[in-house]
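Next come two complexes, and both contain chain A; in the first it sits with chain B, in the second with chain C.
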Partner chain A sequence: MKIENITKKYGKKTVLDNISFCFENGIYGILGPNGAGKTTLMKCIIGLEKYDGKIEGIKKEDIGYLPQKFSMFRQLTVKEAMIYICMMKGADENSIDDILKKVNLLEEKEKKIKKLSGGMLRRLGIAQAVVGNPKILIVDEPTVGLDPKERIRFRNLLAQISNDRIVLISSHIVEDIESIANNIIIMSEGKFKTSGSLGEVLSLLKGKVGQLQVDKNEVSKYSEKIVTDVNYQGSKAVIHLVGDELPKCELIEPSLEDAYFYLCKE
Partner chain B sequence: MVLERKIMGIPFVIPYFLYFILMIYFFSIRNSENLLGTIYSSCEISIPFFVVWWSVYNLYELREEEGGEIFFTYPINVAKKELSKNLLFTCAYVVQSSVFLSVVTYLLLHNVNIIIIINISSQILFFSALSFTIMILIRDSGWSAMIAFVYVCVGLFTYGEMLGKTNIFLYDYNSVDTNLIVNNIVKCLFFSFVSYIVGYILLDKKINIR
Partner chain C sequence: MKRFLKLFYLEMMINIRTLIYYILIMPLIFYTFFSIKDGLGDITASAYVVQILIVGTMIVGYQICTREEKDECKGILLISKCRMEMVNARALAAIVFNVIFSLIVLLVIVIFYCVGVKEKWLINEVIMYWFIYFFLVAIISTLIGQIIGNIINSKLSYLLIIFISVAIGALGKEFLELFGTTLHISLFKKISGYISVGQYDAFEKINYLYGLEIESKRLFHRLLYIALLVIILKIVMCIKQKCNVSECIKQIAVSGIVCIIAFMLFSNPTFCRKTGHMEEEGKYLTKSVDMCVDVRKKLNVSVKEQIEILEDTNLIEMTLYHNLKVSSIVGEKENIDYEQNGDFITVKFNKVAKKGEVKTINIEYSGLSSQYFFAGEKATYLPGNFAWIPVPGKKMVFKEGPGFVVLNQIENNEVDYTVKYKSYHKVFSNLNYENGVLKGKSKCGVTLISGNMEEDKINGVHIYFTLNNKIRYKNLASKILDIYDKCEEILQLKCDTINNIYVVPTDNNVFGRYGAKTMILDDTIITGAFEVAEGEDDYLLNEILVAILSKQNFGDLDSEAQNDILEQFTIAVKEQDREKIESVISKYDIEVK
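== the complex of A and B ==
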């Protein structure tokens, strides 16, 4: 799938600013703050939003989509909902049990959707997205609102179903992207700030991340623009710094969170 | 159809309550004068309007709900599907309403007037098409039903005067002739056709943006 010069404006506000990218099979994690344009980009790819530019190599039947806020007919059972989706996608109803097994919902298939927990509902969301075996799976903020255990479970599930297809996951939760994506895109203000493997993204920050032990009352001397974390230890504090011009400090290995902070700061 | 019915939930059974209430009412006044006129007048005000429950609530995919955009991502022609579904439900409603009217008038008066039944069927089509288009425009089931309800109220309280040429009610079935009924049927069919076309185009434009 290739996107070329995608621009999207709402009135005078540019939400996507001339984005071009080529996606190949693999898991792409789009990381960016709220308002970066992640959801809008996904909606443009799916065809839910108009845009300027070109998107190639994609048809409607190639896409499976799980929106940020997923809902399904509450009065239906899981199985009935899946039958309905199979009808909508023109997919084989015999695949329902296999898909439900994959997302660990087989035992709940006779349960009404209104009785599912938040985690189960997200898994049903993934189940409906993979009906018809789409070549491109687009998942928007998949772990928002899930408890830690369900988040880990969901991340594992995404990793399992990602074989031989393009999976696009957007999130502002660094840990989620770091653990599942093999290609990372950091997005801010409607632009791709960087993209590549975790190693490639982190290499941008060589020599730009450090830590420094200071007195507790000296913390405020350091600009908020370079301080990403402060760890208080008695009268001392260890501050974590990211930036082009650091004060004299001990340089450390960067993390994806540092890259996110560095590339998405104003 | 079974799934569609289940998805619609309670609104699906509401028209059946109407038939039940009308049936009780008509039997309770079976000895009154102008019974036939009363039956047709009551039915043209209530039965066509109640198709709105089916017409609007079977467009559940269009309701403005969180995550509702998902239905527009499936590889089917949503506009075509919604229109077919609406027409199918409307046909079912027309058939069952015609049967209801025929049974009631036959049981009470041994009289079945086909042309009046066709007239009420065309009024059903009018309301179904109207609510279909309004639903596509505002994507809110409650408000779509409310607008149709306002049409009925205005028609009822102003005796059709405020509705002008768009009035589809005949009101007094004791004094209407066949020509007037045929004209009304043509008018209902025309408005329904225009309304469905407008609704379909709007929906298709909304969905197929690429």
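== the complex of A and C ==
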């Protein structure tokens, strides 16, 4: 899938600013703060939003989509909802049990949707998205509102179903993207700030991340623009620094969180 | 198709499991019960039921249509490739689901019928009424709800729904008039007659334009309404779903074809009936009629008429009620062309028929009935002076009076009738039953009445009555005969002795001036005046007088004159005062035969 010069404006506000990218099979994690344009980009790819530019190499029916807020008709059972989606996508309903097994919802298939927990509902969301074996799977903020156990379960599930297709996951939770995606895109203010594998993204920060032990009273001397974390230990504090011009400090290996902070800071 | 049906099934399941919709059932049952507690006939007064059904089904239609947004699954459904099928399945499921609410009304009606007096003719009428007034109205309001849902998705829509449902409902006419007057917009008043489905006025705008056959006109009106709404819904659906133009045209074409098929199957539009006001005498006399009548499903007639030509002509005109469609007219020895236009048939011979020539023509026709006079498997009500058998000349089948329409009392010369009939019920007639056929002479055609009826004989007079009159028919018949005798005496009538009295349900207006339900045909009195007649001798006297006077030019007088005549005649008959009669006759230039 190739996107070229995608621009989207709401009135005078530019939400997507001339984005171009080429996606190949694999999991892409789009990381960015709220309002970065992640959801809008996904909606443009799906065709729910109009945009300027070009998107090539996909058809509507090739896409499986799990929106940020997902539910189905609450009066239907899990199985009926899946049949509904199969009918809508023109897919074979014999695959429903397999899909439900994969997302661990087989035992709940006769349960009404209104009785599902939040985690179950997200899993149903994934199940409906993979109906018809789509070439592209778009998952918007998949772990929002899930407890830690469900988040881990959901991440594993996404990893399982990502074979031989493009999977686009948007999130502002760094940990999720770090653990699932093999391609990372950091997005801010409607632009792709960087993209690449985790190693490639982190290599940008070589020599730009360090830590320094200072007196507790001196923490405020350091600009908030470069301090990402402060760890107090008695009268001392260890501050974590990210930036182009660091004070004299111990340089350490960068993490994705550092890259996110570095690229998305105002 | 399989996919569509499956989606339809799932949509139905969603509807059925949405418990909040069932709130509608309680007021429906409540008001249906109260509208029929005094008898099924009162169902026509069920304005509240209709209004609740309209509001309820419109809201349900709207909610079904906007359910995606509410259940937060719009995004995933929007990108599906079979979305249009889903939208269509949902629209159909909404209609089918809402029709269930109208079926609940029917269920209450049927229960009442089963536990109450089982009057078959009435349940037929009530079911017909239910079909037009509840079943089709539920479809109409669902479609409107869906159209609103496709255009607006906001809580404000409910205000619009309330406004529209009141406007088209039972309160609509008054509401729109008030609304229009307040805003000084005359348009509202003008359109109220066209959009109303919750009330009916036979003399109002579109209904009046359609003609007299209220049921078929109302059916036509509703079907036309539905067809237009389906097309509008398709257009808004296509716009909302961002269909391309060809898909949009395809969708509209498919719904258009469905509507046309529905029209062909269900509607029997007879709005073309325009008989005009001029009557022409026929150029022939009917000598004898030999006919086969089959009333087992609808009226099927095969008639052999012997006619005598009164002047040299190759064209004769005859009158036959327009809902009875002629399938063939053939002569005994010659080809005959014919044309049926409204209530008139023009028959063209291939050569000029000479005065005095006697011809035989065979006519076959069949058709549905009017609201008033009908023939079918459960009941038949064909009075002799209703043009269900061709009569000479151009006659008005129904006559317009001042503010009402009545059956025109067409009289023939005396005709010799032989009638073979097929019916599921015993048929009562003014003719004599001999060896399996009805035979006799009559100036007032052939009367056939059947259904849930019995007969009795009092002092040599045959009384035929529907079962709801079993208790009162004797008293009623003897009173009628008494009053008739009095009238005969004081009016110096030279009429036939009454040999038959039919006590059968009859609509107001049909037989005479406003409110009258009694008619005299030769030696037969047909009356529907049994509901209020008990203990009201003056009312019965009034009925008999109207029946007698309706044979004169009485029907053409204005209502003030009619009231005056009736009042004077009533006093005169009661006081046995012939002088008063004479003065009224001379004042209004009427004659009493």
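As a convention for this text, the second predicted complex is superposed on the first by the 266 of 266 C-alpha atoms of A that agree within 3 Å, B and C clash if a C-alpha of one lies under 4 Å from a C-alpha of the other, contacts with A are read in each partner's own complex, and residues count from 1 in each chain.
Note that in this section a residue touches a chain if its C-beta (ideal position, glycine included) is under 8 Å from a C-beta of that chain, and two chains touch if they have at least 3 such contacts.
As the structure is a prediction and not an experimental result, all values here were calculated from the model.
Superposition of the two structures on chain A shows chain C clashing with chain B. In the superposition on chain A, A:69 makes contact with both chain B and chain C.
Look at A:165: by the touch rule set out above, it reaches neither chain B nor chain C.
Contacts of A:191 after superposition: neither chain B nor chain C is touched. By the touch criterion stated above, A:50 is placed in contact with chain B alone, chain C being left untouched. Look at A:80: by the touch rule set out above, it reaches both chain B and chain C.
By the touch criterion defined above, A:61 reaches both chain B and chain C.
Contact with neither chain B nor chain C is seen for A:135 once the two complexes are overlaid on the shared chain. In the superposition on chain A, chain A positions 43, 46-48, 60-61, 63, 65-67, 69-71, 73, 75-76, 80, 83-85, 87-90, 128 are in contact with chain B in one complex as well as with chain C in the other.
Residues of chain B touching chain A in their complex: 3, 6-7, 9, 60, 65-76, 209-210.
By the touch criterion given at the top, residues 3, 6-7, 10, 13-14, 17-18, 67, 71-73, 75-83, 85-86 of chain C touch chain A in their complex. The touching residues of chain A, when paired with chain C in their complex, are 43, 46-48, 60-61, 63, 65-67, 69-76, 80, 83-85, 87-90, 128-129. Interface of chain A with chain B (complex): residues 43, 46-50, 55, 59-61, 63, 65-71, 73, 75-76, 80, 83-85, 87-90, 128, 132.
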